[in-house]
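Labels run A, B, C and D following the written order; every chain starts at residue 1.
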Amino acid sequence: MPTTRLETFADGVFAIAATLLIIDVTADAHGGALGGALAHSWPQYAAYAVSFVTIGIMWVNHHTCLELIDRADRRFLFINVALLACIAFVPFPTRLVAEHLRDGGLRAAALAYGLTMTATAICFFAFWFYAAIGRRLIAADADERMVRGISRSYLPGAPIYAGATLVALASPTASVILFAAIALFYVLESSVFVRGA
Amino acid sequence: MPTTRLETFADGVFAIAATLLIIDVTADAHGGALGGALAHSWPQYAAYAVSFVTIGIMWVNHHTCLELIDRADRRFLFINVALLACIAFVPFPTRLVAEHLRDGGLRAAALAYGLTMTATAICFFAFWFYAAIGRRLIAADADERMVRGISRSYLPGAPIYAGATLVALASPTASVILFAAIALFYVLESSVFVRGA
Amino acid sequence: MPTTRLETFADGVFAIAATLLIIDVTADAHGGALGGALAHSWPQYAAYAVSFVTIGIMWVNHHTCLELIDRADRRFLFINVALLACIAFVPFPTRLVAEHLRDGGLRAAALAYGLTMTATAICFFAFWFYAAIGRRLIAADADERMVRGISRSYLPGAPIYAGATLVALASPTASVILFAAIALFYVLESSVFVRGA
Amino acid sequence: MPTTRLETFADGVFAIAATLLIIDVTADAHGGALGGALAHSWPQYAAYAVSFVTIGIMWVNHHTCLELIDRADRRFLFINVALLACIAFVPFPTRLVAEHLRDGGLRAAALAYGLTMTATAICFFAFWFYAAIGRRLIAADADERMVRGISRSYLPGAPIYAGATLVALASPTASVILFAAIALFYVLESSVFVRGA
């Protein structure tokens, strides 16, 4: 079966997951107190921006994979459902980290974030390798170097996130810095270093 | 008329229904209490995961049907609207069951879940047989064995769910175990046993 | 310009507007009180079902129009935005009517519902006649009888809803019965009487 | 890579961002007090309508750009993600302005609105000029006059919004009138003055 509806469904989930965090952006204040309330709720805006960009990166990656894949079977659809369930969960721990950046809840929040990202990376790994091994679902005219390039770039994801999650047990602050560095690396790798595509 | 827009609309509803439950996933706690609050709200995560997967399975099945169907008439569009209304309702009783797993509200929650799933199964039945009887909306080149295979697999759905719902009157716990077994069976049947696509 | 993206955007709004009311379906109760709470909140389920079906009918009608329309200009896109803004508003007054069916707020709720439906009917009228007059945006191969059939069926919408809204000033109950009768007529007209399409 | 999935994702975000504000439209009142509550919450309806139309205009403009663009690279996808993050944020400051129209919070609300619109205009600028400079992503058959027309119309957006935002420091009311005038100008420019397309 072709991948068209998989893409429509996935794009819907990506769009909703990215946008939904705006519901949590609020500023209830009377009259002149609004300015202070807006300034005070900056972690909400940060969480919104970080989630949107994170999900945006995942959407770009999902997009890139599906350009090389030209068919789907039922198992692939289920892997995709599991992947999307992880992705749509991302805004929740992102908000937790933003809200607890400066209090004693940061360890729990960083663990929640790290576990979610590790699970997402595992699903992305399963998603890609299910399609790529033996070129099971890969388009006949897909460039083998691009397929291998993606395979190489997906291998370290889960261990890196699992490692950063373990760091949270020792130092939550260090793990958050690590998570930010990983995200930054993915943005740069996807948009600056990579030529073509 | 072709089925393209039916699919876009349906994919939108599936995507929103699956994703929306994340709104209910919350953890309000100050500082060090966050870890405990996260651990305590596991029924919310379970409900999110179960809903997402349930709706994912329904999306895969809807998808499979529409691959054999190549046109729609207005009555079929309305049946589809009714089916989607049932599917978008599923997250609500799923959350009820998760929240009342260990208190006296389990009977009511299991009944709500069972009635929703029975109604959904009836709509799926109507959806498929309206299209399949006399191959009314089936594509000319669709394999008759696949059409019959789907017809066979859709016949028992509504009676099975109705039966498990009745069990809830006697033993809510037994009915919840039955519901889980049915869901597991559908996942396995769709993804493991079935060969091909 | 072609109408594809108009359809994607519209289908997204339809899907969200139809599904969003599920957020309002809640049942907060502890333990054994859940059964009673579920039974008591039936107006929420009724509002959900009525909204979903109403928006479903509008989606079918929008769909039917766009099958005869094969291009769009910027003004048509704006009319479409206004129409979608009305449609996405429908769940709100629908819920008001359901919640106030048996108290003194029914007049205000019926007026809100009637005004929303009148505005929606006016936008649908503008949407269709902007495209149909002089076959401005109608596909060259569209059947003139179908175009005229739709034009005829869209003429009475706004006056009928405006009339039923005025009735709410005298008798809210009578206007709600009228609204139900109009909705039922549209379902029957679309799905039972009409052959073909 | 083609722009199809960019459009599906974008249309999803546009549809959700436009529709989501309906969640904030509420009227909790018992019995006869409903009429007053509905009349009193008009800023909610105004915010809903203004947001929906603003996002509708942006959707039309995004649509117009993508008709001339026939391919995307990864950087363009990221610019698009940033643009969509801004657009999905618009309903929040719009509601703030509506709620604080007549109290001391108008300055903060107008600044929030102005900053959001300035950021959105900058992203729209980056979105278009990234594609248009040297016709990097422009379709080979796209009319050069249309490309230049869009370039000309996108140049003043960010400075105009930045200027109106600065006005809010001196007079919040004046800046809100300016914002309304800018929005009105865009509607008229897009739908009345412009011939063709």
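As a convention for this text, a residue touches a chain if its C-beta (ideal position, glycine included) is under 8 Å from a C-beta of that chain, and two chains touch if they have at least 3 such contacts.
Just so you know, these numbers come straight off a predicted model, no measurement behind them.
Shared numbers divided by all numbers used gives the overlap of an interface; between subunit A and subunit D this overlap falls below half, so the copies present different residues.
Comparing the CA-atom centres of all chains against that of subunit C, the greatest distance is found for A. If you average the CA atoms of subunit B and of subunit D, the two centres end up 36 Å from each other.
Centroid to centroid, with C-alpha atoms defining each point, subunit A and subunit B lie 26 Å apart.
In subunit A, the residues touching two or more other chains are 8, 11-12, 15-16, 20, 23.
Every residue of subunit C that touches subunit B in the complex is listed here, in rising order: 7-8, 11-12, 14-16, 18-20, 22-23, 25, 27, 29-35, 38, 48-49, 52-53, 56-57, 59-60, 63-64, 66-67, 187, 190-192, 194, 196-197. Against subunit A, the residues of subunit D that register as touching in their complex are 1, 5, 8-9, 11-13, 15-17, 20, 23, 73-75, 77-78, 81-82, 84-85, 88-89, 91-92, 96, 100, 103-105, 107-109, 111-112.
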